[in-house]
Amino acid sequence: MNWQLLPQFAISGLLAGGPIALMALGIVLIFKSSYIFNFAQGQLLLMGALLTWWLAVDIGLPLWLSILLAIAISAVLGLLIERFTLRPLTGQPLLTIILMTLGLSQVLQGLALLLFGGTQRNFPQIFSTANPYRITTPFIHDGNPIIVILKQNLVWSFAVAILGVIVIGAFFRLTRTGLAMRGASEDHELAQSIGLRIQRIFGTSWALAAAVAAIGGVLLATSSGLDVSLSIVVLAAFPAVLLGGLESIPGTIAGGLIIGLAQGIVATSKTQIIRNSAEIMPYVVLLVVLLFRPEGLFGQKRIERI
Amino acid sequence: MAILRPAGEFDTSYASDMATIRRPWQWCLLLVFLLALFTLPFYASQGLVALVNRIGITIIAVQGLSLLTGFTGQISLGQAAFMTAGGYVSALLVNELGWPFLLALPAAAIAAGLVGLIFGLPSLRVKGFYLVMATLAAQFIIPWFTRNAFQDVLNGAQGLNVQVPVIFGVEFNTPQRYIFLTLTVLVLTTILAFNVTRSRLGRAFISIRDNDLAAELLGVNLFKYKLQAFFLASMYAGLAGSLAAHQLRHINSETFTLIDSIIFMGMLVIGGLGSNLGPIFGAIVVEFLIEAATLLGPFVAMIFPAKSAGVVQALRPLFFGTSLMLFLIFEPRGLAYRWQLFKAAWRLRPFSH
Amino acid sequence: MRRHLVGTIALLMVASMVLGACGPKAPPDFTGRTITLYHFGDLSGPYAAITAPLVHGAEDAVAAVNAAGGIYGATLEIQFADTAGSIDEAVAAYDRFTGADDNILFMITYGSGEVEALAARFAEDKIVNITAGLSARGFYIDSGYTFGLGPIYPDQFGLVMQYLHDNWDTMKPEDAGDEIKLAYISWPTAFGQGALTSETRAFLEDLDIEVVVEEVYDLSPAADTTTAILNAQAAGANVIWTNTLAFGVSVILNDLNALGLRDQFVVATDNWGMDLATYAYMADPSYGVGLISAFPYLWWTDTENAGVQYAEGLFAANERPAGEHNVGYLLLVAGVDMAVQAITHAIDTVGWDNLNGEAVADALIDLSPFEALDGVLRPDYSGGSRSPHVSQIRMIQGGPDAFNILMDWTETPDLRPVE
């Protein structure tokens, strides 16, 4: 291992875990209320970013307004998706629902390509790309203290993402709607019997998830440009969801950070193949979780054992 | 199903009750159909032959998935990864060790089956959605392995050039020739699939799918049968992967991707789960949809000239995704079920009820 | 060259009219016949950014050739297949094309992976493949009908490394040592890994250049190269080679600047890396300054060249968007000219009735070395080579487009694979 890189990669790995947590949050929101694992979350994220780009660059609106509008449009899109594609499937087996969100992901991907084309585009900068933060650590290497260099967008994306997760978490704890959603997640029939409108709750969760996805899309696109392949980044978030526990909001933070950290740590290796394993680290972690703690770190031990 | 049999036809033995092909005229129809398929290169265009060849390989992969998902109820998004495994094994055996293709093909199937077993192991502990995730992991880890491990043999990201199959001195280097290989394997895999599903093994699979707890109580060994399902499914994938690699003459870590796995799943659902005709219907319909997107693309590009770039590739996921969603909402039992209804309607005509 | 050609034909026609019956035989007239060029590109996958201008360049150039009278009156047509960068799509398109046309002369390809997969087919079916995907294996392994528009990546890589080795004192980053320590940071694809072959490794060893790390990053503009760069730094690297294009180069430049490490590395790339498409993803255009690449063609700024003027005229006449004013367009206008020259030469040699891929391949070799589009390209397929062995080296020394010549046309090392 290159020990002198460990502080650097551990910290930047943790920070990269922020956006992963935010993406995981979108998936958890939907799963929590309706037991649907949304494989189309990546495409929602892509749509959010493309909408922002379209409003800000093509139409020429101010960036902050474009982002807000894109979040709003995404939320409506989320509502529509729930109403027209998933509600007809209520009560259908797992396979049907998994395939529906997979089909949805294909449709959204095709739409994005049709409407916006395959070319890559420069996304408006939100955070300065120059002047990274430099933190001097107490560790010494070769007689010099190790300095950790952190890109501004990494730091701020992390901050925004974690803030987002905390806000949503607070919403669930502190508001009436949040309470209703938590109630619904416990038991659909019971929730209905005490007068909660379960369908409205499903709709709200999809709208929230789509809005969260739009924020994630903007954060990712601003740090590294935008094209239709952006949707694949969510594949790193699936394991984070499982790791945190499918229904746990704090779990998404833990899952995102652990996966980011794991990716950072293997990157310090001196062996190339171990460094390169950073890209599959999320799925290695996933397999370990599946074998030893399928309910995740904070999930409810509800899944059926065989 | 027995109810829908033509009047006057009675089974006099168990064998005839289980028979897939029951009447002489069915044999005739089947032979005519196979003859028409195998003589395709003599009357169809090369483009069509190549398309049928591709569909044939796809059907084999989906048949494997059908055994695993359609009959055993274990959802897998890793079928394309197991194709990668089969393709690489076959390519290496032929390229490096000089094995004849006819030996490398079954060896690739068995190797892919073993790889499938490894990723099927979590099925012993988790099911449903969690298993999907485990198979998704295969979809990442196997291509990564081919890119990074044993680079001097696997040649990293650049992948391998794969030799053309040579059997008894005949080079299978054109779609017109290759289709004989594909169709022969396809006929064998179809026979195998029909026989697996109506045997003890198939009944065990179905019992696991329908209710695993009940199946276990009845003495079905879940561990054993689930692993067998994984092995069989991956074996089919290995065959398909080997055929595809030798047909493409190249394989790398991105030849078979997650999208392919998703499409295989979609084909299975559109064709019909739990039916041996499902993979055939599904693969044909979806491949033709994709082909339609290729043909329609230029016209759509004319309507939206500003978006002309990439229209074809945009239409494909759009067509596939939309038809999958429509099937899920309106006909989740797939085309195979429609086919049953259609046959029944004809048999009962003019009394449709 | 196109003009020259048209001019020559016109002259010949005038001459034959003047000389009448006693003159040499009149140029053939094939009005009403067509020659189709087939074209594989990626308009919707990862390479879409660079492909759209390539396709448009080819389309515009073909239209211009036809407007100027075609090839002895025969019309050029172009058929396109969008492969989204995937090999099975390319093979499917190949089968479709060869099924519909049994005398294909040319297929134009861009992806290294596609070329590698199709190379054997081109050779078997004797179809000339003009390609912009320049990884060595596609040219020399089970191949023979694949002709590169530029030097293969190993040659480009070798040339730039040789140059850095020879001029290290002036080129080296300020606090770098006397030895070149190379970090190969690239995509994990056939293209990305195309320069690092056993031949180039041996060549680098001879130059005492050590490859200290090999790192890969995702084929995506969202890729993060921070870990790759910091690993390179930890290993003491002072030169980065990235065999990528457009966003592949800009993510490295962006991250180098974001990390404040830009002045510690010389960044060099293959010919595709130095392009306006690279600027589309650069957080700041100034990040491009200092980028070095092999440059086996002229550039839009070489306005004194007649070929560049011709391409510029086509670009303006077809009202192509400014974003496509990049390498792809120029290169394909030149590529079409190269094809036209080869077809013309083949007709002159074997006549229309014997015109086939083999004749065109012979023509390309027979013509070598020659100039396409008045020297925008310098194809040379002599001596069994399937790609030219000359290139310039250029360096960005200012805003976009300031691709200044660091070293004029020079012979590249010959690092083609030996079987």
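By written order: A, B and C. Residues from 1 in each chain.
Going forward, a residue touches a chain if its C-beta (ideal position, glycine included) is under 8 Å from a C-beta of that chain, and two chains touch if they have at least 3 such contacts.
Predicted, not measured: the structure shown is a model, and the values here were computed from it.
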Chain contact graph, described as a line, ring, star, complete graph or other shape: complete
Two chains joined by the most C-beta pairs in contact, as defined above: A-B
Approximate Å spacing (C-alpha centroids) for the pair chain B, chain C: 39
Intercentroid distance (Cα basis), chain B paired with chain A, Å: 33
Multi-chain contact residues (two or more partners), chain B: 147, 309-310, 313-314
Residues of chain C engaged with two or more neighbouring chains: 43-45, 48, 52, 188, 216
Contacts with two or more other chains, residues of chain A listed in rising order: 113, 117-119, 276, 279
Touching residues on chain A, where the partner in the complex is chain C: 2, 4-5, 8-9, 12, 16, 113, 117-122, 125, 129-132, 134, 149, 151-154, 220-221, 223-230, 232-233, 264, 267, 272, 275-276, 278-279
Residue ranges of chain B in contact with chain C within the complex: 45-51, 54, 147, 156-159, 161, 164, 173, 175, 244, 247-250, 252-255, 297, 309-310, 312-314
Interfacial residue positions of chain A with respect to chain B in the complex: 37, 85, 88-89, 92, 94-96, 98-100, 102-111, 113-115, 117-119, 235, 238-239, 242, 273, 276-277, 279-280, 282-284, 286-287, 290-291, 294, 303-306
Contact set on chain C toward chain B in their complex: 43-45, 48, 52, 82, 84, 86-88, 91-92, 95-96, 98-100, 113, 116-117, 119-121, 124, 135, 137, 141-142, 187-190, 192-194, 216
Chain B residues touching chain A - in the complex, by the definition given at the top: 69, 73, 75, 122, 124-130, 132-134, 136-137, 140-141, 144, 147-149, 212, 222, 258, 262, 265-266, 269, 273, 304, 307, 309-311, 313-322, 324-325, 328-329, 332
